[in-house]
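Order of writing sets the labels: A, B, C and D. Residues in every chain begin at 1.
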Amino acid sequence: MKNRVSIVGVGQTHHRSKNTDCKGQELISIAVKRALESAELNMADIDAIVIGNMDHFESINYVDMWSVDGSGGYMKPIMKVTTGGTTGSAVGHAAFYHVASGLFDTVLAIGWEQNSESDTTAAISTCFDPITEREFCGGAIGPLAAQYTAYMSKYGATEEDAALVSVRDHNNAAKYNPYAHLRQMITTEEVMKSPYISYPIKLLDMCPRTDGACAIVFAGEDRARKTADRPAWVLGVGDCHILVNVADGIGLANLPSLEAAAREAYQMAGIINPFKQFDVAELYIPASTAGVCWMEALGLCEEGGGPRLIRSGATEMGGELPINPSGGVLATNPIGATGLLRIGEAALQVMGKAEQKQVDGAKVAVATGFGGCFWSDVTVISSLPQLN
Amino acid sequence: MEGKSMDTGALSVTCTADMPYNYHAGFYYSRFLKELRDNKRIVGVKCFRCGKVYVPPRVVCRDCFVTMEEFVPVSDRGILLAFTVTNFPYTDTTTGGPKQIPYTAAYIRLDGSDSNIVHCLDETDEKRIRAGMRVQAVFSDDRTGDYFHDIDHFTIIPDDSV
Amino acid sequence: MAVRSEELGDSGTLMYPSRIKLQYTWHAGKVGSRFYREIRDHCKIWGTKCPQCERIYLPPRETCPRCYCSMDEWVEVSDVGTLLTYTVTRYAVPGIQPQEPPYALGIIKLDGASTGLMHLLGEVELDNIRVGMRVKAVFRDAREGNYLDIKYFRPLGS
Amino acid sequence: MGKVGIIGVAQTKYRRYNPASHAEMAYQVTREALEDAGLTIEDMDNTVTVCNDFWDGRTISCMTITEATGSHRVPTTNVEGDGTYGALMGAMRILSGLHKVTLVVAQSKLSEGIPSVITNAMFDPVYERVLGVDAINSSALQMRSYMSKYGVTEEQCAKVSVKNHRNAKANPYAHLPLDITVEDVLKSRVLADPIKLLDASPVSDGACAIIMAEEETAKKRYSKPIWVKGIGHCADAYHLGDRDLAEVDALASAARRAYKMAGIKNPMKEIDVAEVYDAFSYMELMWMEGLGLCGRGEAGAMVDSGLTELGGALPINPSGGVLSAHAVQVAGLARIAEAVLQLRGEANARQVEGARVALAHGIEGACGQGHCVFVLEN
């Protein structure tokens, strides 16, 4: 790598189902100001900006230009990256490449969404092929639900396994994350009793839609060593966007794109035994069912081992590998920001700045993004500039 | 457009964005749509290298990255790989009105195909549907070059021993 | 409802007419809401002032785009200003235009403001609009709290 | 900056209603760019696509061309814009040292949607959008502003259109090669005055792909790599009323950055040919000023003098420019592809003799709010 890349500041809004206090650009500026504050930098220190969201959620075209009032992008280089649910992680990775290339030193990555401004499910449905798929694909829920039916019949996972994931993430958000959107403690029984919204996914299995923004300051090595006591180093990035037709993702009981993205990121970072090497994980789990069937793709368990790992409690706070101390996507989902929040939360963990949600002594963390057509992004972050 | 005063005293602007698109089906989907419309036939395209058949047809083989040119008919029967009964309200963006629910999205692999399609099933009681069931396409009489309509729906084959 | 695909010229391929039609409710936010309330309730136009560069912004914003600091100070500006540039739109686009073309559009620098405000021009011969012209806001009678509560700007003295 | 070489380019012919689908167009230019570079898809270790959900009529529209561009095989991302920003991302990937060969693919089918509806969505939904403002009438505001500040005339703008449509006659990819006169332009139907039909670019479908490689690979795999010497991008304020629309500060800043990287001190002298984003005739004049190819307000006189004609001292848009083919998400990348052909000496009838340094320019947003500048050298 030409330049080592670090994260020196993370900011986010207090996420809500509907934030009428803020016009979109103002929502963005809250996250940006918090990120700058956490990095102890000013807007003048920022060399370039990368921003992303999903166009039809707010129906604003050229958001990189529109957002200048909030992003601080006036007379700065600014670029828009958008890849669906993986937008946030793709924005983070684009900022990573801005710095790694040596072209820019201090770069602001911004993800945001004001989902309350439209019908999110309807807007998402327009991602499916207008001629062969759109009519029968209801938002992001349908394909995820279908995937879990396949996983259950293949590996004997249950709806209760998914409920455990839902309880873990919701309760982490309630207990530890003041920024989270949903902060209600829930029980397995409540999840199981909640109505089906798309069999086998029930209301409490599914992520909400959220108004929120996240901003992260990426910096090259010199800036990092100068300004941050304990920067988070980005050791590996990987992404894999595998398909064009969502139907072809069906029968994917597991998630090959996550496997491929992880392979790429792990190789770059030097991760050999992910379950052991990672101290904490912030995973893009849009439905609790995914929290059961995707961990094997990250190498956190053997094929079909998701249910066992979830039932073991190892992924709870205090367990061997806590997953989603922040409460993750099930508690907070401003879609264009969601993937970036995973990177931000993972960075805060290894910076020792995660406050109530801190996993003690966390040194190596993994963050994922999910979206598009069963697509995945993976980021490996550490308090160490390189792993031994 | 209207400005509406909301409970917090904050104002908002409400507007229906209506963006028409004449989606170009291109050479491969056009062939697919016309075969459906004119011949009640479902066609895919076959990769000369790996032999895989893709439905709906497309120009490039995902695995071999070669141009596919051989259109082949596939069966109107197949296996239900997965399904979901969609029963939450959302806007149908093709009309701006509410989507008709419930409907069952059916992910199907047709006999003779190596890829999957999505359509709907004429059964919305999830207790009566299982992944792995055999299903059959039911065509519309009045076909217009619309895949969602020209195949009216898929139906579960009660006895597939024939 | 069935969509009828159409032949695309003589290419042998089809066009599938569809649309993305969806309702949006955009939040004006605290700052935008105050701007609109002042117009709706008092026919007054207010901007926000940057404590650093002292620019007065219209429409008002929470953050100065140039200095990137919060702007707490509100300043009333005049409803009279100078036309910086204009155009007469003479083509029709169904669904997005506020009135039948031809109609005039301009950017107006209100007295007391540092930035221009884009708006419609009314009560004016379309061939007699000039850069530098002085114009005055005409408010709508039934105001609802949106951009068109200012009906248009008309030449001063007309 | 390290060296990035461009070793493959391909474009479709631009036209309204290209019968190929998004994916079919993207596949065509991908295959042809690979052929041009003498490489196979296996040689690509990452890709960048250029898709925009409004123009494509689809959320996550990059999904449409994932497989057609081989993006499912390798790390990939999607950068919105006109393709210049996508190429910038491609260059960053290579400069990071983590990737060796990037495929950048842009495609656009303007004839599927209604451009004014799509560009109206650029404007703030709480404020100006309701005025029915779009790419055409907003640009008319800018053209008027530019003319009234600097005394540039409609005739001078018309000359740009005449020149570019004539240049297009030598470009097999162009959509609108035309033999027209200044009078034809002035008499063409007024869209939003002072913009007339022949001051405006057409509605085009098309695709473009380029292949970028790190230095060693570029030298080893290709006989005539074209080198990226400098890149700069920059954004101006959002609300048009915040800007002096007659000025080009963001472009000047982007150009400064690109020139500094490329070691260019006198762009007028050192640049042999420029391909700029002339969505409207007046834009070519303003962008020349922002790029430092002449002083502010001087571009009109420069066009009068004939310097920007093919055969002049600084030919601008020998391809015919965006006025002769405007597939929005492609048009910036096409500027780079055309600049590459010039530097290879493969531009045939539109070749600028002895071109060694070329400039390619793209824009983003309304009235050139954002700009991206590439300096290339052979």
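To be clear about the criterion, contacts are C-beta pairs under 8 Å (C-beta built on N, C-alpha and C of every residue); 3 or more make two chains touch, one makes a residue touch a chain.
All values derive from a computational prediction rather than experimental measurement.
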* Structure fact -> Chain-touch separation of chain A and chain B, in steps, is 1
* Longest centre-to-centre distance from chain B, chain (CA-based) -> C
* **A-D compared against B-D, more contacting pairs** => A-D
* Structure fact -> Per the C-alpha centroid definition, the whole-Å distance linking chain A and chain D comes out as 33
* To do: Let me have the rounded angstrom distance from the C-alpha centre of chain B over to the C-alpha centre of chain D, please.
  => 37
* So what's the Cα centroid distance for chain C and chain D, whole Å? -> 29
* **Inter-chain centre distance, chain B versus chain C - centres from mean C-alpha coordinates, in Å** => 42
* Could you list the positions in chain A whose residues touch two or more of the other chains? => 20-21, 23, 56, 58-59, 68-69, 74, 119, 122-123, 126, 130-131, 243-244
* **In chain B, residues with contacts to at least two other chains** => 1, 10, 12-13, 15, 17-27, 29, 33, 58, 62, 91, 93-94, 148
* Shared interface positions of chain D, touching two or more other chains -> 17, 19-20, 23, 54, 57, 67-68, 72, 114, 117-118, 121, 125-126, 129-130, 237-239
* Structure fact -> As the complex stands, chain A meets chain C at residues 19-26, 29, 42-43, 56, 58-59, 68-70, 72, 74, 114, 116-119, 122-123, 126, 130-131
* Spell out the part of chain A that touches chain B in their complex, as residue ranges. => 20-21, 59, 119, 121-123, 125-126, 130-139, 141-143, 145-147, 149-150, 153, 196-199, 201, 243-248, 250-251
* Asked: What residues of chain C sit close enough to touch chain A in their complex?
  -> 16, 18, 20, 22-32, 61-63, 65-66, 68
* Structure fact -> chain C contacts chain D in the complex at 8-9, 11-13, 18, 20, 24, 26-28, 32, 57-59, 65-66, 84-91, 93, 95-99, 103, 105-109, 115-120, 131, 146-148
* **Partner chain B, residues of chain C touching it in the complex** => 1-6, 8, 12-30, 32-33, 36-37, 40, 95, 144-149
